[in-house]
Every structure is written in structure tokens, then in C-alpha cells.
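When the chains are written out, they are named A, B, C and D in that same order, and each has its own residue count from 1.
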Amino acid sequence: MSIVLGPNQYGKAETRVVRVVRDGARHELRDLNVSVALAGDLAGTHLTGDNTAVLPTDTQKNTVYAFAKRYGIGEPEEFGLRLARHFVASQPSIGRARVSIEQYAWRRLGPHSFQRDGGETRTCAVTVDSDGEWVVSGLTDLVLLNSTDSEFWGYAKDEYTTLPETKDRVLATAVSARWLHASSTMDWAASYDGVRAALVAAFVETYSLSLQQTLYAMGRRVLEERPEIAEVRLALPNKHHLLVDLSPFGLDNPNEVFVAADRPYGLIEGSVLRAGASPVDGAF
Amino acid sequence: MSIVLGPNQYGKAETRVVRVVRDGARHELRDLNVSVALAGDLAGTHLTGDNTAVLPTDTQKNTVYAFAKRYGIGEPEEFGLRLARHFVASQPSIGRARVSIEQYAWRRLGPHSFQRDGGETRTCAVTVDSDGEWVVSGLTDLVLLNSTDSEFWGYAKDEYTTLPETKDRVLATAVSARWLHASSTMDWAASYDGVRAALVAAFVETYSLSLQQTLYAMGRRVLEERPEIAEVRLALPNKHHLLVDLSPFGLDNPNEVFVAADRPYGLIEGSVLRAGASPVDGAF
Amino acid sequence: MSIVLGPNQYGKAETRVVRVVRDGARHELRDLNVSVALAGDLAGTHLTGDNTAVLPTDTQKNTVYAFAKRYGIGEPEEFGLRLARHFVASQPSIGRARVSIEQYAWRRLGPHSFQRDGGETRTCAVTVDSDGEWVVSGLTDLVLLNSTDSEFWGYAKDEYTTLPETKDRVLATAVSARWLHASSTMDWAASYDGVRAALVAAFVETYSLSLQQTLYAMGRRVLEERPEIAEVRLALPNKHHLLVDLSPFGLDNPNEVFVAADRPYGLIEGSVLRAGASPVDGAF
Amino acid sequence: MSIVLGPNQYGKAETRVVRVVRDGARHELRDLNVSVALAGDLAGTHLTGDNTAVLPTDTQKNTVYAFAKRYGIGEPEEFGLRLARHFVASQPSIGRARVSIEQYAWRRLGPHSFQRDGGETRTCAVTVDSDGEWVVSGLTDLVLLNSTDSEFWGYAKDEYTTLPETKDRVLATAVSARWLHASSTMDWAASYDGVRAALVAAFVETYSLSLQQTLYAMGRRVLEERPEIAEVRLALPNKHHLLVDLSPFGLDNPNEVFVAADRPYGLIEGSVLRAGASPVDGAF
């Protein structure tokens, strides 16, 4: 039985670019981590080491820096689209380009002074091929906690179940969310702000019987409020806050003192989408 | 347009279990990090918070520990299969179970003394559903370096290309490899050792014109030597070793002094499989 | 020549405690990582394994949780003092206790909802022994950047110097600062806010000829504004933002596009103190 | 009360240098992470931004690379001494240089092929000033485990003590060790191998009543076997392996199934030195 090359891609990962816009005394700052992955007719380099079709990953890095100067960065989705279109359009052997971006936020302290905002990271993944363009925006490491209004009971039990049911627990998670846009023309900044606000509002306002219920509420809220979004995918680690047993010390503990546990953790993953739409895995 | 729940799963991630086998004075040690993900008829918990179908992730954790005692661990693939089959068989609402395991190696120092071997981590991902069973074994963080016998030239050039061609460079990577077994009955330990040896041998023995060529040679070697393997997927970061320009100091640098760079890095990803087989994405 | 035991200490590191204060619907949250280190007459356990003098680290952990319930946490310095005094007072063999705390900030989203604030971590190190009490407060990972008003020139040059002088560069750092209080009775929250504000203001307002100059300005500003502080120690990594050479692409780059480099980095460390005071190394 | 500059230093941290020695077909590899810190008459740059005395950290980095070519690296202690002496000798304003090095190990796979050995990292810290030279060698992340021959009982108990005494437990730690050489002329490689072997042997062979006892045995063994060593400092985290309670599942657990816990952890720190010697804190 013979052996063949399957799906493959290559590119430059984690090019760190900071772009300062210096129009007068008041500077603006964009801080990105850009990863490029290209696919196409790349059998030659794999089978014989013929690199004719291979645009070096070093060139991809240079392109990121040159485009940051030539066109500016703007919103990460715009920058990703510009880069992805460029690689597909300019390289005959490249049929698909995927640009993944992390954007780090900075808070203004002065006309040219900034503090890194250590909260969530904004992300996007842009895919361009001959069939079309897909833009998935997202965020990671948005850590949220409700100190009450969360229950967990009525679950399946088997011989290995020891967890007590509870009508009041801490619910905490580090949100990783990605959402597919219905189009690649968009007010990206407004859309991001709107989706983020919907996610947070749903987490805060949902009286939760399970983290799955909260996940669905978050995805649903985004789709209800943001018509430009086709699908939301969420991964929510259950950052367990374990109630400490203080009874050996003659103390009760009515949901006041917790261990913030590292591992293990529950992990709840799910997608919420508009009825009739089929999941577009390649875009995510 | 109405809104619906899409694909979803949940489980306990990163349960750390160490199992000591104490048959007499000479102990054996297994050290695992186990993650479980279950899917099935879970609409209730998402839509209304009805947890009837939800086996708590805490129970999944308990099951890992109880099975480690009751059945021992053995090879990680065996342990993963036993756990995955258990969840699917015992929970009416669960149609698919996926168990992902990292195994950390320890080197023997004495009858009951061990040193953690900090090299690669052995991995596996076992998937069980009503259609069958899939076992993917793998490894991560196997860092390999050839200090010569690597070239890179003849590549595509555009206006952003500045990389000089080279007939001699350092080639280094941190291998992440996963391979699909043709069956779920196997001598897992022997297979792992054989695949690992094939990957290393191909890296060492390939005179490389591109990291893609090395990737393909590694996957091909596995399939040639190991009939039990159906497909190999590799992700190879190009851990760039940049030649330092010492000419300002009146020194030449004939491939002797390098910067080991962190970011950015090239990332080469690809699969190698037997002709006629179709990639089985769900197993990976 | 005989062999003896030198200085030693032991304790429980990184006890993670979250304390919810539930006075009515509006909850408050404290989130700490507490490390205890005890020293004293501990020769027995080292030389013969006689543990009579050893209060288990597990007990230290329990004490953290019990004190969080019994007394509340309040400011981290208060909590650290209470714990350190307890160990010295209650254990005859313990002559010195040191409690180091990291406090993670949360931003309020609702009466019982919070978002983890990913910026700097507030720290303190409290030392109590028979000679007295020392409280060092601090912060880490406060990342600041000035996109102009920084020069670097006029430095020493030798045969290995290639760095071009500059009259305009990006200056960025991740501030690690620790400051010694003149007393262990203090309005800790007000003091922290004041010191933090002074550090930031000095970074923002200093036209910098070297990162050392900025460091000294930051320390000096704290001592000028905060009479309760005796000494400030700063460690400032120079998070290099390297100007990209875009000339191969026909583009100039007037301080607009930068590589945010990971390694190597400059590291500037120094202390600023009141004249006549001697550095109190044991407190830091 | 006036404000003054206290102790300070500056330098380039984490310069990553890989040196290939290519004498014929069989290559040799050294892989280091080098950090330099210089101190001296540096008031000018702090107080006024006068950089006359400041050799740029960029120059320090260049020196690392140039020296790697010009002199080779050899053992890390040699390389550190050469660098530290150079800075003190060549820069009038620099009175003290400290070079800290991490060396990453590689295992040979072929004449020019290597695998990164992921075990412990070898370290050294070299300090040179007008009073002399101090060399501290060390290692970090050597993870050791005894699955029996460890007890812990007879300890102090107070109202917060709940830990049960045990006559049989797992003892595991990640060794961080540093040892001061009596001289700066040494067969560094042989000394390293000897010290490392002594540390491991003592861990393996000590029937342990406390981790402190094991710590002291490790330090003592080094001093007994290696006359060239003046003092050993050890930091041993107690990597707790917690026995899982399997009784709810009708299973006993005679020291067979453990949770490998992340946090919190005990931390045991101590030094062992020759009688009459005083600890030389500045060297460590």
C-alpha cells in the first residue's frame, strides 16, 4: 500500500508587531501577535525538497511589518484580511491563507503613555480561499466570577459519585469565545464591543443551574443582540472554588472561604448558532 | 430566525493521577494527566438547566482514581479505552467519550526511587462512540537538532523577501506527533517505542532541503516501519537558530555561533497517510 | 573539618484563598496567594528527623483558611501581620515568621459579579521576629510604555559596541517594585494607592535619558510623596521595542513599526532610600 | 530628609547563545542562557541621565556572542569567569560583575544530531569584584521521587492541625541546589558531575523522617565527598502526592493511588556548610 501526503500548511507563527501612530502629540498604539498559515500546491517541498512554491516564512514576517507601515493596522480583522488576501492573490501556489491574530490592549495614561491592560486578549482568525472569506473574532482569558446565584443538583449519579448537591456555589470561568461573522465587511470594533458586552451581561444576569446553561445563555445573547454574528463557540473551564471544611476548627463556612483550585477543572464546550446554518468548522 | 444549540461536550480536564505498583521491594510508577470529554443528549442542561443527563465532572475524576486502583493503569491507551468504554456503556445519555492522556516518564534510580525524565511527553487520545473506537497515540516536546545537513534555497521570492539562501544551517524543532492506530487492540508499548524510533531516525538521517521534506520523511518512515499505523500528523515548529553577524568585531562565523530565537518561528504542519485512506478528523 | 547546618526555613507556599464577604446582596471579594516561611530552632528535624519543633506546613495552610474566616482578610498587609505574629507567638521553637502574599484584583460587574483585573499583582512580605516587624508592600507586572520622550546616547563604547545612539525611542517596562514601610501600623490601602500613583506618574512624566534615570525618578517620587515609606526597590526590565528596518521594501520607519522582543532584555535594578537609613535586606 | 540612591546594578538578561564546535564530522554543542549584571559608579545615569559610565546592555550581549566565537564556551563557569573578568577589567566605572548562566543539556543522537535533554538545568553564578572571585554552581528542576522509605510524625500540633501522622508516604521534590566553590580554578565538569551524583545518592539512600532531614543529608553528602565545595544551599519544594480516599467506592488504597498536587506545596530551604565558614551571601 503506498504512502501519500495529506493535508498540510506552513507559515510564520507569533510575529510580534507594535505600531505607533504619531499624528501629532497624541499617539495611538496597536500591539499584535500575528500568525500566518498558508496551504496550496506544496507537494514538491514535502516529497523532493523542491521549494519553488514556498514563500519563506521569513518573507511572511517581513510582509507583516511592511503592511503595518504601508497600510496601518486598524482593527485586527482588517489587518488579517489584508494579509490573507495578499498571500492568496500574489502566490500562484497558495490556495488558502489563514491569519490568526492576538491583540493586546493598552490603556491610555497620557498623550504618549500607556499601561498594558492585562485582562482578556482579543483574537481573530481570518481565512481566505477561492471559495470565500471567513472572519472569526474572539477573546480569551476573560475571567468572570459570580459569588452566588449558581446551583448544581439533580445530576446523574453512579457508584463513583460523591459530589454533594448544592443550591449556592461560586461560579467562575475564564471565557474563551470565538464567533463567526456573516460577512467580511463589518464595523469590527463596534461588533467586538457589542459581542463582549453581550457575553458579560449574560454571565452576570443568568441565574445558573449549570455552567452549560450559562454557556448557552451567553451564546444565545450574542446571537439575539448581534445580527452580524452567525455562530458562537465557547470553551468555559469551570474554575472550581472549593468550600473549605472549617469544622475541625469549630468554625462554620457559609460560602465565605474557598480554595481557588488549579487542577483538575471542568471544561464545558459548546456552540450556539442560527437554526438552519451548518457549522463551518474550517473557519474556526 | 431561531437560535439552536450546536455541537457540545463537557468533562473533567487534567486529573493528575500517580499509580504506584508495589509488588515487593521493586516499585513501578505511572504518572498521568487525564482529561475526559463526554458528548450526547445534553440539550436539557444547556436549555433549561435540567441536569438529569449530566454525570458530574467530579464523578469522572473519581472514576479515574477508582479505575487506577481497581484495574491498574497499564499503557495509557489501555487506561483511556477502559475509561471511555465505561462512560459510554454506563451512561444512557452519553454517546461519545473521549479520553486524552499525557504520560510523564520517570527513569529508575533504585528499587523505589525515580527521576522525572524531562524529555518528551507521551500522549494519547481515545474516542469511543456507537460507530467504533479510535486510538491516536502521540508525543510532544521532543526537541531535536541537526547542526548541519540542512539547506534552504530555491524558494519563491517577492518584494518582501530578504532571506539569504543557505546551503548549511542548523535545523531544530520540537516534535509534536500524533498517529492513528488501525485497531484498538495493540501492543501499545512496543508500538510507541517503534514509532518514536522511526521519527527520530528519519529526522537524524534525512539530508534536509526544507523542514517540510523532513516532516514528510518522518511520517513516511513511521508508515513504512509500522503496519499498525494508519496516519501520522506532525506539527514541527522551526526553532530558528540565527547566525550571529560577528563581522563588526573582526570575527567570521562559519556556522558556529547562533541566537536561539523564541519568536517568531516557522510552523510546518502536515499529515502522511496510506493511499486510499481518508483522514479521520474526529479521532485526532 | 566538620559540617554544620546553616540558615534555614520552611513553610507552606502558595496557599490560594478566596474570601467572600456576604453582608447582604452586595458581596466583596479578596483573592490571595499566601506563602509562609518559618525559622527558628529547627536543628532536630535536619540532623535526626526529630520533628518536635516542626509545625506541619499543612497546619500553616489550615491556619490561613481559618484566619480568613475568623478575622476576615482585610488588606493583605494586615492579614500577613496577623498570621506572622500568630506563628511566632504560638510556637516556642519559631523565632521568625515571614508571610508573602500576592493579591489578585477583581473589578466589580454587579452586586455579586466580578471580572478578574489582569493588570498588576499587589504583593506584600511581612517579617516578624523578636527584634521587630517589617512590612514591605509591592507590585509586579505593571507594564508601562512611553512611545516617545526617551533618549539613549553618550554611553561608554568599546570594541563590542554596535548600538546606534538615539534621541527618540520607545521605553517600556514591567514594573516590579517593593517598598518598606516605616511602621507596621498604617492605612495600607491608601498607602498602596498613593505609592502606585507616584510610580506611574513618575514614569509618565519623566523625560528619560536612561531607564536608570526613570527608575530613580520613580523611587524618588514615592519617597517625596509618601512619608510612610522608608525605601523603594525597583527591578525594571527594559522591554525592548526594536525598530524594524523597512528600507529593503522602499519604506522609511520614523518610529512607527517595532518588534516587541522577548529575549534578551535589559534589566535595571536599584533602590532609593532616605539619607542616613541603611538598607534592611532581611525585610525584602 | 534627603533622598539617595542605594545599591543598584544593570545588565543584559537572558542572552541565548548556541555554540557549535565543528572539528570534523563530529560536532559538539553548548546551549546557554547568559545574564550579566554590572555594578559600580553609576550615580550619573540615575541622577542626571549622564550615561558616560554605562556600557550598553546591547554591548554586553555582543560580548557574549563574540567571546563564544573567540574563546569558545567550555564549561559554563569558565565562560562566566571570562566574561565577568572582562567587564571589570575593561570598564573603569564597573567594580563588580556578576554573570549567571543556565546550561541546557543535549544528548547525542549522531555525529551532528542531538536531542534536548529535558531534565535538570545546570546553572552557575560567577561574581568578580576587587575583593575576589566567587563561583557558585548549581542545578534546578531535578525532579526526584521515593515511593516509600519516608515517614512524617511526631511533629508539633496545635488547634489548626489535622494532618494524620504517617509511617509511609511518597516523598517527591524538584531539587534546586547551589554550591559555592572554594576556588575559582577547578575541573568544573568533574565537580558538577560529582556534586550531582552526591545529591542524587543522598536522596535515594536516605530513609527520611522529614524533608528537612533529606535536605541536610544531601548537603552533607556533597561536602563529605567534594572537598572543593565550601557550602551548599538547597530549596526543596515538597511536591505533595496525596493519597486518594477510595473508601466510598469500596476500595482500599495502601499507598497505591495518589493525586499529584500543584499548589500549595511545602518549601524547605536550608544551607549546609563547613564549620567555621561564614555564609557568603553575595556569592549566591
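As a convention for this text, a contact is a pair of C-beta atoms (placed from the backbone, for glycine too) under 8 Å apart; a residue touches a chain by one contact, two chains touch by 3 or more.
The model shown is predicted, which means the values in this text are computed figures rather than measured ones.
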- Comparing B-D against B-C, which pair counts more contacting C-beta pairs? B-D
- Query: Farthest chain from chain C, comparing Cα centres?
  - Reply: B
- Item | chain B and chain C, separation of their C-alpha mean positions in angstrom | 38
- Query: Which integer distance in Å separates the CA centroid of chain C from that of chain D?
  - Reply: 22
- Item | Centroid spacing, where centroids are CA-atom means, of chain B and chain D in whole angstrom | 31
- Expected list for chain A, residues touching two or more other chains, is 16, 62, 66, 160, 162, 248-249, 262-263
- Message: So with touch defined the way it is at the top, what topology do the chains form here? Options are line, ring, star, complete, other.
- Response: complete
- Contacts from chain B onto chain D in the complex sit at residues 16-22, 27, 29, 31, 62, 65-66, 68-70, 106, 109-110, 112-120, 141-149, 170, 200, 203-204, 241, 244, 246, 248-249, 251, 253-262
- Message: Taking the touch rule as given, give the residues of chain B at its contact with chain A in the complex, in rising order.
- Response: 1-16, 35, 37, 42, 45-59, 61-63, 66, 90-91, 93, 152-158, 160-163, 208-210, 212-213, 215-216, 219-220, 223-224, 231, 233, 237-238, 263-276, 279
- Message: Quick check: in the complex, which residue numbers of chain D touch chain A?
- Response: 159-160, 162, 248-249, 262-263
